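Presented below are the structures under discussion, each in the form of structure tokens.
The same chain A turns up in both complexes below, where it pairs with chain B and then with chain C.
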Partner chain A sequence: MKRLELLSRILITLAIVGAVGTPLYFWSRTPLIHARIAENGGWTPDVIRANVGEPLHLKLTSDDVVHGFAVGQMDMQSVDVLPGKVTDLTLIFDKPGIYTFYCTRWCGLNHWRMRGTIEVGGSSSDTQPASAPLYVTLKINIDAPHNAPTIPVQKPSALRGQSFSTQLPITNSTNYYRANSPYQVFDELSNTSLTETERWDVAAYLWQSNTTAESLANGQRLYAQNCAACHGENGAGDGVFADDLTALGATLQRSMTGDNKMTMQTPADFTDPKRMMGASPALLQGKILRGGMGTGMPMWGSIFTEEQIWDLIAYLYSFQFEYQK
Partner chain B sequence: MELTRLPILKPALKSRYPQLAVFIVMLAGYIFAILAGFIGTPVGSRNFSIVFVWIAWWAILILVAVPFFGRGWCAVCPIPLPGEWLQRGAVLNPPDKKPKWLNLRWPKFLRNIWLQNISFLLLALFSSVLLTTPNITAIILAAMLFAAIGLSMVFERRSFCRYLCPVGGFIGLYSQTAPIELRIKEKQVCVVCDGKPCYNGSQTGYGCPWDVFPGGLRKNTYCGLCMECIRTCPHDNIAINLRPFSADLAKPSARIDEAFKAFIMLASAMIYAGVLLGPWGALKDAAYNVGTSAWLIYAIIFLAIIFAVLPGFFALGILKTKSALPLKQRFASFATALIPLGLMFWVAFSLSFVLTNASYILASLSDPLGLGWNLFGTASTAWKPMLTSILAPAQTLALVGGLIWSARTAQKAANEIKSSSIPVITFCFIVTLVMLWLLL
Partner chain C sequence: MHSRFFLLILIIAGLVVAFVPLSFRPIAPQERTFRIGARQFAYSPSELKVNPGDKVTIQLVSTDVVHGLYIDGYDISIEADPGQTAALNFFADKPGSFRFRCNVTCGAMHPFMIGKLTVGSNQWLYRSIGLSIIAAISLFFIRSTRPSDRQLPITIY
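Let's turn to the complex of A and B:
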């Protein structure tokens, strides 16, 4: 009986230690990256370290709703991060630097705050110094209003504009397009014989000739994925979260920590001709790159490539201009 | 029919080791569930603790264990074990003559199931959160384990099981309907038995942990089927019998705490059906947002239905019936009729959510800690309700069957106390209609 008692005690101890130890062992050896809505902490951890050329294995899981994962400035398909499930992902970085990863699913009002960084160490041969973006070199104050004093009576048509463009005193260069707003073009043409409507049509033509169907399609895709949540599918600033922002009323001024620092504004309306005719591509690039500083507009500079931003901007003007199909 | 005559069952019950083996597995599983609740994913439908406790265990308990084995779950429940082993100072050996701990008698005024009624209601009021939040489930599971240990240190025997366990109260109530019972064979043997080792313990084992003298057992309610008296009885006078369903209900109980237990269970099955399965979003929100004023209103309505509305109508119904007994006793006796009905309400309610959510069990089995494992290749099993075509007929059958069963029980109770069963049967009929409406 004594021996059996001892044996039972040993068995029970083993069972308890096993029931505690086994899960703890595996749990501590499997680092998961947890996604939660921003109000509950966003990504944990939100800083990941990696080395150039070495595969980075990530295990992602969501603790609440469906999130997505993608790394900015990187050619990758975003993956879904599902509640209670684990998504495996392997990344290889070929350049050192600090990359931003972000949520790609509209998970909640503060979706755009769900970001983290991957610090990729190592050395690389082709280190290019970053050049200042156009809005900086042009010294555009991107926080000041740039509304157009007058607006077109009808939607400007690129097709109509094309017929007048040959006889005009302005260049059709990319640099000119990026640095000027449609209104500036309209204004520069004021001493020609064109009517006001025709002058707007020329601007529409200039804008179209500085993009391609492929760029517009790419811009539309990026817009639908990243911008439409707030700015609305049709650009009117009425995305699904815009309603939530309105519904929040005064609490909208509050940041997540509860202080009243926020000046959350309603999302920009790209169907508003005053705003869009007065905005140059360089201005829009600045807003997209840097974000809204305290408004709900996040900075996209760490996520979109330069080319993606120009594609996006070209698409934004299509809410104003009638382009040739 | 005496099951202990079966050549395999008798030695299996007489020996401690088969049960001990089950205990060890159960205890390990229980501790694993606590840990999974703390370190696993907070997503309830993917967490082992939620899926195994509130879906798998609940399904087994209410659809199989209670209806067919009565307190069969208590026979293998791991919660009292660490406390009991510590109390005795041994796993197998009987305790020393001198108690190791305080070994107090349970206070007299608490020798009823009111504490169990309260502990069940406390969990029930928070159930929307408890049933969906893994770490809350883990805290409750751990708390029960520690409460059982603590009570074992202070009081004698299994005080936690007998007087506090939120689950034990209703298992006991419904175990009266089960076709299994532990009883003595010959009364005279017990009367002349020297020392009553089944209650007081002996060299071969310890006295009844449930504080029950088997010689006096008339109903299943407080016999935990721990099988210890089978081992300690020197005269081989204990039997496990197969019997007709609900044999214990022929003689109605006159205890008011048990009568209210019947109301608590009947009403909470109905409220759960409304809150968890019903289409009312605002009701779900109120039940889920513990601490808000909406929840407070929900809690007040919840308690009012249990303690005022249903018992009120029930009492009004039997107020005018002719009987020699005072209303309180009639109330308690007639509440016996609600026991089979309540059980079948729970069966009908549980069928719905168990069949709806059973597919989570497969996924959770393959990835119990939510670490991306796929142990049995079932980790990515998609959520899919099972047997949807038979659900409504099975629920209807359970409810109608429960109503008939209750009516029979009410008639028996009415005969016992020489009163009319019509008001009770009418009451049962109306609540069954409400439950049918809630579920279908």
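Let's turn to the complex of A and C:
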């Protein structure tokens, strides 16, 4: 009797310890990822390994200021990584490959440098060959100056442009839109009876017809979160870090071509018609995908999906065109 | 006798300073917008003055890391990332002086990131300054006239 009771007591105790201890054991085994501003090391560790289809548990904490965590090109809600707190996160990858994780809360001039990789191993059935970006197939030199020789006298209006859009010598299509700058459209219409203002209006109409209100709203949101700190909330290249970047450029004197030395570190002004009318969506896509390679413009190719980048580009042109609501 | 008259004036002046409502400038509620820059570890401007009843908008512009702004007493807050100006709207319906502070850990000196919101002209400050001046004058006056004071009951009334 006595022994039986003792035995059952021991069994119950073991069961309780097991029930509480097992998850605790696994929790303590998942490594804690520390976030620090890029100047102090960024993420440690910054390489994480995972397997396809297996849940990846992550614990995140910050050693200094507020950071955020998200994985590029993945449909997930970003999470905040706060000092003195531990954030738990579980991810499942359904394709092998190398993913980029990045900080989602602005933590200084070098915030965008806070990136790391997740190497997801395993075999997958569908490995699509990565197609070359449009600027490569179109052979656009994205580092060459691309100012439009002439600019509109007034803001081109898509509404006005629509009325001239019938019987045009050009066929409107996604491919046409992506490969041409508004200035090229303006130029191609030069032997029609349209006035210069009307030709710009047609360009505005074509640009609007190749996007949607939803895309523009998505582009605006992405722009505010990822670009406005440098390029300015209104696109004028005057974001809160613009001066810091310019100062950095002046000290580094970084230059790739020599002739545009000083402008290398100043964020592009999207409200400048010369720049935007002379740029095709393919060119802008190239710049956003690849980054400036030392100009201060980050590369976003591993962060955004193709669709997100087209949404961003559509939004960038909205600083130039008047779209009907 | 002169002195008594003077004392009376001092008392009346004291009462006036302490209790007369300061409404010579009727304050109509206004809409006010402040743009506050936040960087480690200060706000600029760090002192805001509004009148009771004003509709206040605070735009918080962070220029380095994520900062917050929490107003004591009003119990409201916002948070701003660099590049994403955040706006806080409220009615300044509670008069007084309130501290605002950063409620997002933004680095080592974060607890010292503070500012002040004053709702209403700071009447009590002015009144107490006025009162202490009067008190000082009367003290000085009573001191210097004490001998004649004693004779007052006989001469007057």
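Structure notes:
By definition in this document, the second predicted complex is superposed on the first by the 275 of 325 C-alpha atoms of A that agree within 3 Å, B and C clash if a C-alpha of one lies under 4 Å from a C-alpha of the other, contacts with A are read in each partner's own complex, and residues count from 1 in each chain.
One rule holds in what follows: a contact is a pair of C-beta atoms (placed from the backbone, for glycine too) under 8 Å apart; a residue touches a chain by one contact, two chains touch by 3 or more.
Predicted, not measured: the structure shown is a model, and the values here were computed from it.
By the touch criterion defined above, A:E233 reaches chain C but does not reach chain B.
Judged by the touch definition given at the top, the superposed model places A:V66 against chain C, while chain B stays out of reach.
Using the contact criterion defined above for the overlaid structures, shared-chain residue A:Q225 touches chain C, although it does not reach chain B.
Touch criterion met: A:L4 reaches chain B, while chain C stays clear of it. After overlaying the two complexes on the shared chain, residue contacts for A:R105 are found with chain C alone; chain B is out of touch.
Legend: residue contacts after superposition of the two complexes on their common chain; A:G84 is shown touching both chain B and chain C.
Touch criterion not met for A:L159: it reaches neither chain B nor chain C. When both complexes are overlaid on chain A, the residue A:F241 reaches chain C alone and has no touch with chain B. In the superposed model, A:L56 lies in contact with neither chain B nor chain C.
The intersection of chain A residues touching chain B with those touching chain C, taken from the two complexes, comprises 64, 83-84. For chain A in complex with chain C, the touching residues are 37, 64-66, 82-84, 105-109, 111, 224-225, 227-230, 233, 239-241.
Contacts from chain C toward chain A in the complex involve residues 61-66, 81-85, 104-107. Here chain A touches chain B in the complex through residues 1, 4-5, 8-9, 11-12, 15-16, 18-20, 23-24, 26-27, 30, 32, 59, 61-64, 83-86, 88, going by the rule given at the top. By the touch criterion stated above, chain B contacts chain A in their complex at residues 20, 24-25, 27-29, 31-32, 35-36, 39, 41-43, 45-47, 85, 90-93, 367-372, 380.
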